[in-house]
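Got a structure for you, questions after.
Chain IDs A, B, C and D follow the sequence of writing; residue 1 opens each chain.
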Amino acid sequence: MGESESYTIPELITVCLSRHMEDGLLAIVGTASYEPAIACRLAQMTHAPNLTWLFGGIGAANPKLKPMPPSTADVRGMRGAESAVGIDEIDDYELAGKVDLFFAGGIQIDRYGNLNLVCVGDYDRPRLRGPGSVGLPFLSRVKKIFIFTRAHNRRTFVEKVDFVSGVGYLDGPGSRDRLGLKEDEGPALVVTNLAVMDFDPGSKRMRLKSLHPGVSLEKVVENTGFDLLQTSNLSTTPPPSDEELRFIREEIDTEGILRRIA
Amino acid sequence: MGESESYTIPELITVCLSRHMEDGLLAIVGTASYEPAIACRLAQMTHAPNLTWLFGGIGAANPKLKPMPPSTADVRGMRGAESAVGIDEIDDYELAGKVDLFFAGGIQIDRYGNLNLVCVGDYDRPRLRGPGSVGLPFLSRVKKIFIFTRAHNRRTFVEKVDFVSGVGYLDGPGSRDRLGLKEDEGPALVVTNLAVMDFDPGSKRMRLKSLHPGVSLEKVVENTGFDLLQTSNLSTTPPPSDEELRFIREEIDTEGILRRIA
Amino acid sequence: MFRGDESWRPRPEGLAPKERLSEESMSVRTERKQKLLSLEEAVSLIPSGSAVALGGLGLYGAPMGFVREMIRQRIRDLSLILSPGASMQADLLIGAGCVREVQCSYIGFEDLGLAPNFRRVAESGKLRIVDSDEAHVVFGLRAGAAGAPFFPLAEGMAGFDVARVNPNYFPIQDPRTGKTHLCVAAINPDVAVIHVGQCDHYGNARHLGSRFTDLLMAKAAKKKRIVTCDEMIDLSATQKEPHLTSVPGYIVDAVVHLPYGCHPASSPGLYERDEQHLRSYLKRSASEEGFRQYLEEFVLGLSPAQYAEKIGQERLRLLSQRGT
Amino acid sequence: MFRGDESWRPRPEGLAPKERLSEESMSVRTERKQKLLSLEEAVSLIPSGSAVALGGLGLYGAPMGFVREMIRQRIRDLSLILSPGASMQADLLIGAGCVREVQCSYIGFEDLGLAPNFRRVAESGKLRIVDSDEAHVVFGLRAGAAGAPFFPLAEGMAGFDVARVNPNYFPIQDPRTGKTHLCVAAINPDVAVIHVGQCDHYGNARHLGSRFTDLLMAKAAKKKRIVTCDEMIDLSATQKEPHLTSVPGYIVDAVVHLPYGCHPASSPGLYERDEQHLRSYLKRSASEEGFRQYLEEFVLGLSPAQYAEKIGQERLRLLSQRGT
């Protein structure tokens, strides 16, 4: 097992995201997204050489990182990239429906994968004012959404988001269709510090897929503010392999951001 | 008098355009426009250092030419320029009403300064099919239009254009206002191989201003397909000065396009 | 994006005819797919009846070599979508009978004269012309690139006849102000064909001059985006100077290596337009018979290599010297 | 526009503090007018009550030095228009009481945390927030830049609450299809303030990284466009490499030479963000009292030179080394 025994939660989140990325997609990484950026690069190095991913703020395609800069708006993210377009060009691709995969989080996430970055409580007089929706409204035009967070708790995982910054399955089956969105597009995966989840195709509800090593089912249930669907074949998330960790630490995140923020 | 005795008609058209350009304007030069391009540069060198002019096709600001390339889409027009923007950016400035001065011609030009680049005769079965309107519809959004042509004849100067590619004063006083355009903006100057004309502020009709050296009033009247207004102080166009010719030949049009196309 | 400075000239190191795979693609388990196709293969992606956008502006960056192969493959019933200025790229296809309909704002040869085939067919009433203008082309493509249905133009865009005869212009009332705005419909061609100076095997393309409406066309195209280029560069060259990429590879479907692919038009930064050839084309095309002979001599039955040979290496070298 | 390569680093020759007029301006009879203003003069162009757009994206290219002078001049009742991501440029003005209303899609410090003043004022209900998003900012500015009234978004942009709470989102029916599209109203600030790495005396500006929405803001601004820059370059440098100009001078009204004008944010390609300073700002600003002390210490009564001195030349040099 060697060094794979000592990995951090952000590193585990990263490999979970990476393993679920199919080859050939066009993916976009936005604000404050260390794990997805590194996961995209890792996926290219392991199983998805035809994945294209864009470093949102500066619009760089397939940057090498090495090391990961502190923001997708950082010009150092251009290292080894193949192109860089303006943020308005990125938005063209998002609106035109050309983006396959988008990574997103939220201060609230609900059972239907709706995301909130605006407020907790009343909109006009919030208990907590979040930073704002940024690019989450584009989720309406993106085929597949991977949700990630390091804060799997009842404040984040709520019955219903107080504000829909980015659409998931809204109020459940049929909701997307009523708005002219495809029923079978939307949130596909949720990776947290505790577990990996997906969505039940019929009920559109979030469903537990695997527990991270050392995490009990009870802990996940306790920290989730709604009933998580459970499957018969609940497994343990495979930890990062030696090779994955080597790629992350020696070829991508050479300044160790994923170890520092743990 | 020296070399100023031997100038070509395109050189004379160029200096006429140049002398009428005020300092501080933003001017745009489009397709097939040797004289206006060279005139802009000449104006900067003589009396209008704060004139900004854009070489349309490649969007270069204040290029030095030297020599004048064969098209505003030619990358060699970048020489000594200060910036270059895409053709779509140029169009933003035009639509937003930021352009002060536009140079335009036509296969037909009428008494109200309307321009036609599309067809002579019936639109569906034209006697002559022109190249098309290109940027002339932007004239609706431009403050001032200088019209130029080397073909002052009855085919070009017609009673009424068969197709309005670019608006002048349309049907005369009040026409622009009815469309939401400013009455006091529009065609301001017409420079041809025979004469210089402007527009009467009251009637909006084209008015003879000066005859080129050696050109008789009769010749202009004969070659104009509508009644030109005449002023009491009809003058002779002052020929290019030695300095103007020196700037043109030694600092701008060093390959002598204006001498060749004469 | 522009490279006017001497130091920006394409370096010979970038031009090896057969590129090795870069380090990048070596380190992955599966090979990354290249997008290089032969000219014949790329042209065969376009079915007759397609709406095809041709890039460049006038005689600059026109994909002439691709157009000649379209004529050789006898693609028919095209709906042509042109940049604000088009020239021989349109005139040749129209003359060869490949075009059913053309949406254009300008087809001509600037200072060299009018477009002979376009005129002839237009005056005979045999071509459906959707008269357009620069605003319509540019903002229609911009809307198309963003998946938007149309673009509303500024107040005061009024009074010109193109808006009257072109059904893709229509009015909309702004519900907030009650004012009516002229709108241009989104333009979304099936296929966009553009020519650039340099491109790598994954479609990362470099304009060595202005990119005109090429990128907008590629973004607005619904089915295929094809890039022809004078020079192939290695992925590692792209990665060294990513800021020079003017059309990102991820929107490109096919790359064709086509040296002198713009001749007799100019490939910006590489070679200037061939004025002598163009004048001869205009003269011969004054009659339909003359144009037929031109087609026989320079288009039908000639491979790109044979075409270059026919024009003459000496002449091509001269155009390259003068074009930069 | 981007300059990632070593060879693109600003050359010392370009940085002479007092530029001679270039040859260009010598040969004309009247002198060409320069646009250089002092920081105080440039800020005084902005009346209280203005709609001001601030450039940059998050902590990159934020015009911090200009914002500090706005606070010193006690400009009030601002309507702030922000890029898709804003950070301390907004938080400082909001905390200092200069802002009446803010149109924003994100105000935060990314990985470093939430924006303390924005939170405090928002949660107290004292600030009018027009919640926006990236599409609204970008396409609203694009419409504004073209003089268009609005931009209609693609079909299927639906279901998110920003469109419900923001009055600048509204539906329009396409008369051709009968389909309803969400539209974003054009954004036209009174004033746009952007920061770039380099600029000449006539306003030709160079971003040494991405230009984000800076150019769009400058194009959409109705009254004034102000550029602050770390380094002044001579017009002849601009003319030598015109392709590097990312904001053309002819739309710029004023240029301010402001070295380290983004600190503690990053000026792309020149210096990185000052994480230590930013963390200290966030910590102190957790209380209103702490923020007041920060203002006293780093904003009020300090000239830009004194500010740089206070941060320390050694520290600034380190940020420059690491930022490229």
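Rule of thumb we're sticking to: a residue touches a chain if its C-beta (ideal position, glycine included) is under 8 Å from a C-beta of that chain, and two chains touch if they have at least 3 such contacts.
What you are looking at is a predicted structure, and each value in this text was computed from that prediction instead of being measured.
Computed centre separation for the pair chain B/chain C is 29 angstrom, with centres defined by C-alpha atoms. Our note on geometry: chain B versus chain D, Cα centroid distance of 39 Å, whole angstroms. In this assembly, the C-alpha centroid of chain C lies 37 Å from the C-alpha centroid of chain D.
Touching of two or more other chains is recorded for residues 2, 4, 139, 142, 146-148, 153-155, 242-243 of chain D. In chain B, the residues that touch at least two other chains are 78, 84, 91, 95-97, 141. If the chains shown are joined wherever they touch, the resulting network has some other arrangement, not a path, ring, star or complete graph. Chain pairs that touch, as defined above: A-C, A-D, B-C, B-D, C-D. Remark: chain A residues 31-32, 34, 57-59, 70-71, 73-76, 78-79, 84, 86-88, 91, 94-97, 117-118, 123-141, 163-167, 170, 175-176, 179-181, 261 touch chain D in the complex. Contact residues on chain C toward chain D in their complex (touch as defined above): 1-5, 139, 142-143, 146-155, 170, 172, 174-177, 179, 181, 185, 240-243. Put simply, chain D touches chain A in their complex at residues 2, 4, 57-60, 84-85, 104-108, 110-111, 114-115, 118-119, 122-123, 125, 131-136, 138-139, 141-142, 153-163, 165, 208-213, 216, 266, 268-269, 272-273, 275, 323-324. Here chain D touches chain B in the complex through residues 25, 27-33, 145-148, 200, 202, 204, 219, 235, 238-239, 242-243, 245, 248-251, going by the rule given at the top. The touching residues of chain B, when paired with chain D in their complex, are 23, 26, 44-50, 52, 60-61, 64, 78, 80-85, 89, 91-93, 95-98, 141.
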